[in-house]
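Each structure below is given as structure tokens.
Look for subunit A in each of the two complexes below; its partner is subunit B in the first and subunit C in the second.
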Partner chain A sequence: MSPSFTDSLIKWTLAAFLALVFAFLYMPIVHILFASLSTRPNFPYPPEFNVASYVRLSTNTVYQSAFLNSLLLASCTAVLSTVLGFLATVGVLRFAGKRALIYAIFFAAPLFVSEILLGISSMALYYMLFELQGNMLTAIIANAVHCFSFCFLIMAAMLYKYDWRMNEAAIVCGASPLRSFFEVMLPITWPGIMGSLITAFVLSLNGLDVSFYLLGATPTMPSVAWGALRYGVKPELYALSSLINIIVFAMIIALLVAIRLKRKAV
Partner chain B sequence: MSNASSYIRIDNVSRRYGAFKALDDVSLDISKEEFIAILGPSGSGKSTLLRLIAGLDRPTEGRIHFEGKDVTELAPHKRGIGMVFQEFLLFPHRTVRENLAFPLRMRNEAKGEIEERVEWVAGILSLSTMLDRYPSQLSGGQQQRVALGRGLVARPTLLLLDEPLANLDRELRQEMEIEIRRYQKQLGIPFIYVTHNQEEALSMSDRIAVINNGRLEALGERQAIYDHPQTPFVARFVGKSSKFQGVVEPDGATVRLTRHDYEFALPSDKTFKPGDAVEIFVKNERFDITPKQHGGAGIPSKVVDVVLRGPFLEYVLETDRGDTVIAVKPKRNDPIPLQERVLLSWNPADCHIFKDGADDARR
Partner chain C sequence: MQDANLQRRLILNIPTAFLLLFFVLPLTALVVLSFWQTENYKIVHDWTLMNYTTLATEGAYITFFLRSLVMAVGVSVTLVALAWPIAYFIVRYGGRYRIIFSLLLVIPFLSGEVLRLIALQGMLGPAGLVNGALIRMGAAPLRMIMYSNAASFIAFIYLYLPLVVTTVYLSLINFDFRLAHAASACGANRFRIFTEVVWPLNLSGTIVGFMLAFIPTLSASLVPRFLGGPNGTLYGMSMAQQFGESGTWALGAAMGVVLFLFSAVALAILSYGVDLRRTGFTGLGRQ
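Presenting the complex of A and B:
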């Protein structure tokens, strides 16, 4: 066998493997898209292009409110857990000294508690201690507890490399501590903060267990999907999922284009 | 020395961290238009002093005054200072122009004024062609210039420099030494330059403050610090010198080395008791070397190596007792050959004599 033949064999094998990986990643998502566009959602092949489910979605108030609730829950959780995670990171990296590792381990440890237990125990505890009924606020708090550890880990990885004297450099230039944070520290550590926001958002948007026990009757996307499993999944749900996927993809592409444009401008 | 007209006044300042005294009762007056070097080994407290002046740290005791105003409790961003760091600490997400404009924006200057000042500082630092680049696209020397420009652009009361040349290579360092000194003379504001490198301190500053173990060891004109060190530490730390142990002879007027067969007259301004153990420091360029066959007094040695240092020759000598001494002489066309036996001596007025253990007694 000539070397060039071996080379191309390896190349094609790897390409095939890559295609396989992507297929496994995206087949379920594409299936949902097809199901949402088909009159026979249980077996939407060959694919059809029927927008009836999307039209029905526009009148289905349960799904709409589930979507809005999820969005509200995820946004608030993302911001809350990122702010708390940021403060924890600063504390551990900047002020904990020799005990930094111990604090870090205790901040990250809740990662290993199963979500469903966290949901049940939060519900019981909030009611026992504060007589708080399950509502949006308690759901946000419980989700933030769960997401906090993720946010902490993501931002600690980023801020670990941050040179804290950058803040001092800004301050001796005449920047107030607040201004040095917004003008220097935030822009430099932005990738870590963004990563934390996105992770917390996605986790709480899709998380079923914590919200399930704390929200009760208030519908969220995962709880509606879970409920639908028992009473038959409606095509509107497929339509909503597809819409969310399309929006996410559009945002990722926009982000890539923006980065490309910015790099060209430099 | 202390008077109301001094521009920067550091008054009995101490900084403790628990039981550790990073800085111990340091007083220093700096006049406008002065270039002062704070020289000391690492861990001596020199950077602590700089941080106290900048306001990044607060003294445990003592006051700091700028232009007669007590700034001890003033926040660092309100002090109107410029500072250059060893690692430059340029803002990586901003262009050179934005880095230079940063201190002006923080002081809420008008847009036209900001542009004008950035142009001005880019002009004197030869940065005009790279204003739109990012710090990562610049060489070390260029980053250094930007750091310096950021420190100077907003007409600071004073400029603090924390080992700014330590990360540059030797050639660039020497070039920057001359330039930094020139900017200081041009701008007429005090530069306070912290360094552990005595050559930098000597080449750039008007005055040198030597700091050791948190205490001000010596303060004076650079020539005086170099030629007339007042403590053994300064004699050892400033300039390159060799140290010998000696004993004052019973006549009280002669010093005899303990390890070598050499004695010399005690300079008349030094008073020691007969029998006192003393330390003698001789700057490497102050040695006399005479070939042994000429006779006379001196430490018998032989030449083991000759190092050419541009206009100077460094003779590496080994004494008969096996010690190594380096003597620096102007370059000649007929250097003393290797293995030549010589006598090493010095003019008594050129050496620095201290009572043995004087360094420890001060503590």
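Presenting the complex of A and C:
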């Protein structure tokens, strides 16, 4: 056997494996998309196009209030964790010096504590200190702790090649530090910041474990979905799930297109 | 200079304070609570080791823990074995489509645990695609994938595969493949190149991926509750029940501490040989 033959054999075996994995990852998603559009959700083949379950979903008031709560929670969490993550990134990359590694490990530590432990321990703390049952603010904070590490890692990955002399150059030319941030740093680093915002938004929009213990009776999308799940899966849930998948997909495509356009413009 | 010093301190101190207040402090509270008692849904401030004695002696809890441990190790090992060929293919042969491939892996991860479980139940459940197709073809439905530990196993693989592939990918993309070529030029065969060059130099990233799957699997509560069936109770699920239905918070807190300690010990053992600079988590690679 010649080496080039073995090489292409390895290559095509791996390619076939990758295709299998993608099928495994996407088959459930496509399946429930068909199921949500069909009148026979259990075995929706051949596919139909029937929006009845989407109409029922949009008129259901429980889902509506849950959607608004989730939106509020996710937007606040995204902004909070991105701001903190940005500070942490700048701090570690620029100011930490020899202690950069220690700080980086500390900032990434929430990644290694499971969400449910975070939710339960925060709930226990607030209950022990204030006899609080949990509210939106505590849920936002606990979610932000979890998302913070992701934001930190994403922005660190984008920022570590950033040339800090550009900020200094702007300041030397007479810009205030604030202005050098908004007019020099932000335009260059925004893909990382957008990526971090989107990731935190999506993670907290979908996370059940943290919000479940810290929100009490306030419904969010995942908790309503979870509650409905225990009484059997309904086509509305398939519709909800498909909708969220489509939104996430659209957000990622938009980010990709935006980065492409930006690159072309430069 | 005074001003710059202040600014520099603030930038690092704000996130540090945030984590201390809302990450370290709650975990400390959990430890304190685990040494107290709950009676009639009320927390009693009596220092006692009773919760831990219960956990160490009651058969059910030991079974749950061992089951969780076996599940977590099995899932993580399988995931690493699956993730390597995928990441390797994307890095070596992905070319300009690398970013598309890796994003396609991440997108399902972003739609959330509950919704992904709903999707998976659409495949595996009694009325799901697999069994629906089997019944249509006249075969008997597969009992194995309905409400069993096997179903939980498939669900964990499905949930955490993107995470592990991404970490191995990050490690491999920062790996200098000229080293492999050098080994090849020196006469090493494929197997030796892999075991002596590629694998050891990417071990750190692999261990991070392993841990990122191991920890959530060890404390999983949703998957076993939804897919595990009668014999599928895992430790995290039992812990969640202490805080929910049964209201025995102190015992649940002790279970949380056990989970946390166990994850920390596993992390410590595994990170003994880890050089974080090699994981591909950038920002650490430049020193």
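What to note about this one:
Note that the second predicted complex is superposed on the first by the 221 of 266 C-alpha atoms of A that agree within 3 Å, B and C clash if a C-alpha of one lies under 4 Å from a C-alpha of the other, contacts with A are read in each partner's own complex, and residues count from 1 in each chain.
Everything that follows uses one rule, which is that contacts are C-beta pairs under 8 Å (C-beta built on N, C-alpha and C of every residue); 3 or more make two chains touch, one makes a residue touch a chain.
From a predicted model like this one, the values you see are computed outputs, not experimental measurements.
Aligning the shared subunit A places subunit B and subunit C next to each other free of steric conflict. In the superposed model, A:F150 makes contact with neither subunit B nor subunit C. Of the two partner chains, subunit C is the only one that A:W226 touches; subunit B does not reach it. Of the two partner chains placed by superposition, A:Y63 touches none, neither subunit B nor subunit C. Look at A:H31: by the touch rule set out above, it reaches subunit C but stays clear of subunit B. Contacts of A:F107 after superposition: subunit C is touched, whereas subunit B is not reached. By the touch criterion defined above, A:N245 lies against subunit C but remains apart from subunit B after alignment on the C-alpha atoms of chain A. Touching more residues of subunit A than its counterpart among subunit B and subunit C is C. Of the two partner chains placed by the overlay, only subunit B lies in contact with A:R179; subunit C stays clear of it. Of the two partner chains, subunit B is the only one touched by A:A170; subunit C is not. Taking Cα centres throughout, subunit A sits at the apex of an angle toward subunit B and subunit C that amounts to 100 degrees, reported as a multiple of 10. When the two complexes are overlaid on their common chain A, residue A:Y160 makes contact with subunit C while staying clear of subunit B.
Closest contact between subunit B and subunit C, by C-alpha atoms in the overlaid model: 6 Å. Comparing the two complexes, residues 177 of subunit A contact subunit B in one case and subunit C in the other.
The touching residues of subunit A, when paired with subunit C in their complex, are 6, 11, 14-15, 17-18, 21-22, 24-29, 31-32, 35, 42-43, 84-85, 87-96, 100-101, 103-118, 120-125, 127-129, 141-142, 144-145, 148, 152-153, 156-157, 159-160, 177, 199, 202-203, 205-209, 213, 222, 225-226, 229, 233, 237-238, 240-241, 244-245, 248-249, 252, 256.
Subunit B makes touch with subunit A in their complex at residues 54, 56, 75-78, 80-83, 85, 87, 89, 91-93, 102-103, 106-107, 134, 150, 154, 160.
The touching residues of subunit A, counted against subunit B in their complex, run 163, 165-166, 168-177, 179-180, 183-184, 187-188, 266.
Interface of subunit C with subunit A (complex): residues 7-8, 11-12, 14-16, 18-19, 22-23, 25-27, 29-30, 32-33, 43, 82, 85-86, 88-90, 92-93, 99, 101, 103-108, 110-123, 125, 127-129, 132-133, 136, 158, 161-162, 190, 211-212, 215-216, 218-222, 226, 236, 239-240, 243, 249, 252-253, 256, 259-260, 263, 267, 276, 281-287.
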